[in-house]
Amino acid sequence: MLHFAQFGAGRIGAIHAANLAASGRARLRHVVDINAGAAAALAGRHGARASDRETALADPEVGAVIVASSTDTHAELVIAAARAGKAIFCEKPIDLCLPRVEECLAEVAQAGVPMLVGFNRRFDPSFAELRRRIGAGAIGRLEQVVITSRDPTPPPLDYVRVSGGLFRDMTIHDFDMARWLLGEEPEEVFAWGAALVDPAIGAAGDIDSAMVLLRTASGRMAHINNSRRASYGYDQRVEVHGSAGRLIAGNRTPTTVELADARAVSADLPLHFFLERYAEAYRQELTAFLDALEHGAPMPVGAEDGRRALLLADAALASMRDGRPVRVTA
Amino acid sequence: MLHFAQFGAGRIGAIHAANLAASGRARLRHVVDINAGAAAALAGRHGARASDRETALADPEVGAVIVASSTDTHAELVIAAARAGKAIFCEKPIDLCLPRVEECLAEVAQAGVPMLVGFNRRFDPSFAELRRRIGAGAIGRLEQVVITSRDPTPPPLDYVRVSGGLFRDMTIHDFDMARWLLGEEPEEVFAWGAALVDPAIGAAGDIDSAMVLLRTASGRMAHINNSRRASYGYDQRVEVHGSAGRLIAGNRTPTTVELADARAVSADLPLHFFLERYAEAYRQELTAFLDALEHGAPMPVGAEDGRRALLLADAALASMRDGRPVRVTA
Amino acid sequence: MLHFAQFGAGRIGAIHAANLAASGRARLRHVVDINAGAAAALAGRHGARASDRETALADPEVGAVIVASSTDTHAELVIAAARAGKAIFCEKPIDLCLPRVEECLAEVAQAGVPMLVGFNRRFDPSFAELRRRIGAGAIGRLEQVVITSRDPTPPPLDYVRVSGGLFRDMTIHDFDMARWLLGEEPEEVFAWGAALVDPAIGAAGDIDSAMVLLRTASGRMAHINNSRRASYGYDQRVEVHGSAGRLIAGNRTPTTVELADARAVSADLPLHFFLERYAEAYRQELTAFLDALEHGAPMPVGAEDGRRALLLADAALASMRDGRPVRVTA
Amino acid sequence: MLHFAQFGAGRIGAIHAANLAASGRARLRHVVDINAGAAAALAGRHGARASDRETALADPEVGAVIVASSTDTHAELVIAAARAGKAIFCEKPIDLCLPRVEECLAEVAQAGVPMLVGFNRRFDPSFAELRRRIGAGAIGRLEQVVITSRDPTPPPLDYVRVSGGLFRDMTIHDFDMARWLLGEEPEEVFAWGAALVDPAIGAAGDIDSAMVLLRTASGRMAHINNSRRASYGYDQRVEVHGSAGRLIAGNRTPTTVELADARAVSADLPLHFFLERYAEAYRQELTAFLDALEHGAPMPVGAEDGRRALLLADAALASMRDGRPVRVTA
């Protein structure tokens, strides 16, 4: 049975720890968090202990780590874990800065440890099934992708300021989806952004609304639309057009209840945010990590995927700044 | 080009006259109505003349009649038209009284004139397609039918009093649907009714809510649920289960607009009542009548269908009165 | 932390044991099963031990039991647990025989132990939300209920023979739903059944298809349709009509993927059977049991609910046999 | 009663003539077509006569013309009709060449005749209702628009060659929709196109697939995706996001029939192409023209709307050619 150390005892850390426990296939030994109380509480719930980083990484029983701490600590933890020879499950992004990401990749490659980057949406059952059907030829030759990705409410301004901006913080998931669905690398990006939701976000140097186009060498195109606010909840949909048809994957709802009264026929809002919508995706993601480790198989989303998505985010930023399409160079 | 006389210049008469004009295949020559003004207005709109019954039926140019007058006049008009040798399109019901219906049938048979009875729902594009697919084997051997049939609002009490009661006035459409979908004659009926919507309907000796079961010789079963009031509009749905699957035909809406806001994801109510919901059915029904006349083909819904539906309504009434299932004898 | 003994290490037992473990609120101490291997395996997975009945019930640490063994053992286990003073979570049915159920109820009442009967559907998020909205007045005064309940495939004939028949084995869930949704006790039952799916089921003395009507004192009506076979998967829907509107709760699907190709726009089949469809319901059911125990609150589905549902099943059986509606006497 | 002359007796001409007849509010006097047989046939069906252009325009009884001939004749017919003082209903586009459109507009303005340009989609009941709700504030301040517009099959290559290209021939409808929905003039356009469906279209100098972005002065954004081929039928959807919610208008289907079998739950394909999907829109469009004429009210879609849409198409063409966003100058 594989033993884990986990960095980060916050909201997303709690999810990974619970999924680990429920899997019955691995044991959590260490929880590391600068908030000692949070670390102790999470450790207590799952029979682990609150440790410091050095202890956790030095423990020879530990075969793998989960990096679920704040974004600015990911890179150093990945490097430390790689040097300690541990398999790595790292929440996205690896880092907001491309050279730093490449440094991590080099360390991981040199250490020869497996690494999964947490693009959780690939493990959403609906998106995964849609992707499987593309691969099975259900819609023939793929031509166009449309990605709708809208958060229920903007994050606090303090978060906005350190987020790396909408493209690196939020759209990066959609860039990964676009790459994954297109089946080819986008080589050109065009992006527009604006602060339509909250001028304060604009004043903080960021945008809250965006429309992006991507294009691959063979002419396949993708569109992404983003907003930091959707009054009706988390809106995460994908639509793919091919020579033989169209695939759509939509939102999920808490229930199937439908009310018809004198005003309208009304149904549930989508599941509110990522913790609800992607609960199953997080489970599947961890399962995939454990499967790959157990079978020595390649990781389904690797470090290079993290780098590629960041490349696209940086290109989008350049496009928005310069008002022209930008070519992506790998 | 076939020439028509029409009895009745009310709401449903106006629809048939307009469909006749739009068809480009027939001409309306006479409109007969006790309300002379209504007759003149409808006649004027379609280049016909307001006539009395005798004139209309004596006109040798007239090949067919539409009987869309009040229910209590249907039988005598059908008999008169049959004796005059005219083809007959008769709104349902032929009559509320079974012996009188049988008298009509005898006259029509003796005259050898074609007759269509206006069970409009058979011509609804969705119900017609569902029936076609049953016939094409889409769901294998048919086993169960569920019919939902609910009006938006109860009729006026004055109408209730002369309607023949819910089973003969409203459920009669569902009895026809059940026969048509089951593909076998129901031979046993069980029915419960109550005045749940308006006690005044109960005081008038009628019911406004009902649940009915039907059974055929081979064991196929059907359920009908009725209400005189659906706050969300006209609810007309059909569900059929067979050995290889299930077919559902639902309501139609004015638009496909869907609103997602902070409260719900809401869509249109169903089309409000029969004039809207069955507008296309009325068109198709008249087309089918013209087609059958032009090709000398059998009528898609004949006088015997009118009689059979009334048999079931009478059986339901007896079942409700006696509190036991009632066998239907043809 | 509450300690449990569980009887039954089969499919449904495994689910309850896993939910217990995942809850973090209780501990499984004993697993009892005549299949020693199954008991040991399940116990091993959750840090419990395989025990015999006497040991498990004699353990003073054990505060509650889960009865998930074969139906014919439920009654004696419930009685033994009640005499041992344990709180009881009992899979439905308590027993197929009414006097035996009443004997259990008397023992439980005398022992004063809390008991939950496993009508899992009440805990399905969609059905629970629908019920909540009825209570909140969303559709005004309730008038009619339509329950669709169809299994994907018939059980083995060996099971059919000991099942107590379709009404006691399968429809019993729908009788419970009807009672729960109607908000009044049904006082009259009418039922038709047939072996339309498989003549061998008929030869074994049972039916595989049924249509049932229920009626309460105030005139509310409910319809249930059942089949042992739905080629498209587990079909579990509820529809409720009231003076101010309609509520529907439908099936759930594994994904939201929709394919449009040259043939049709097609979506997922419903979740295949009860283990998938009611996975969340089983979780919620156990949570409700733990909540009630922790707060000393009444059980959300009690032993009397088990008895009432069986009364309705027996009445349906009598109605089918005698070909007439049957009054239910409490 | 208003009298009409109609230019063009083809497919779309037949629709307008039939709607005119069905309206009961106007009379068709002249049908003009270079195909004399087609003109005579259509005229015959509606009690009009086949005429030449001069006769039709010289007829003092004629108050209005419908221009439904081939695109290359629109401009001269509009000018001739304007000079003859007739009200004009002109199928889109007025012309493929902007200066020529402006010449028309000047003539129409000088003549002071009312003119409606046939952007039929504005009259689709779903799109019209969606627009009405934006105006009524249902989604607050508008932010983003997504338009999906995909034809079932590419037109013949001969048509492609004279069509003016995808942006002027097909996307022009979407440019009009975008202007109408955004509620502000787009001032910047970015477009990518490719021949992904059929290389022969590329060889003919055109594209068959496109993605376009539009932006207004206040920062509102719109996305359009186009394809000349959708194997599942005509795909015409609109999605609008605002500060308080989202509105979607989807496709319509011939029936509501849904089949569940062992493979999938499948529904109808969308109505196949514009004649089916926009049948009701064509009716409403003509009604709006007659209403405006009768009440001397402004036309709901005027000549300037035709010019603005062409401006956007030209800008898209320039953007695609130059690989950069293009500003639109009115």
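The first chain written gets the first letter, and so on, giving A, B, C and D; residue counts start at 1 in each chain.
Throughout what follows, a contact is a pair of C-beta atoms (placed from the backbone, for glycine too) under 8 Å apart; a residue touches a chain by one contact, two chains touch by 3 or more.
Keep in mind the model is a prediction, meaning the values are calculated, not measured.
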Per Cα centroids, the chain farthest from subunit A: B
If you match contact pairs by residue number, which of A-B, C-D or A-D shares over half of them with B-C? A-D
Centre-to-centre distance between subunit C and subunit A (centres being mean Cα positions), rounded to whole Å: 39
Chain centre separation (subunit C, subunit D; CA means) in Å: 57
Shared-interface residues of subunit B (touching two or more other chains) are 230-232, 235, 244-246, 259-262
Of all residues in subunit D, those that touch subunit C in their complex: 230-233, 235, 259-270
What part of subunit B is in contact with subunit D in the complex they form? 22, 24, 45, 125-126, 129-130, 133, 138-139, 244-252, 254-262
Using the touch definition up top, name the residues of subunit B that touch subunit C in the complex. 140-141, 143-144, 146, 148, 150, 190, 192, 194-197, 209, 211, 213, 215, 219-221, 223, 225, 227, 229-232, 235, 239, 241, 243-246, 323-325
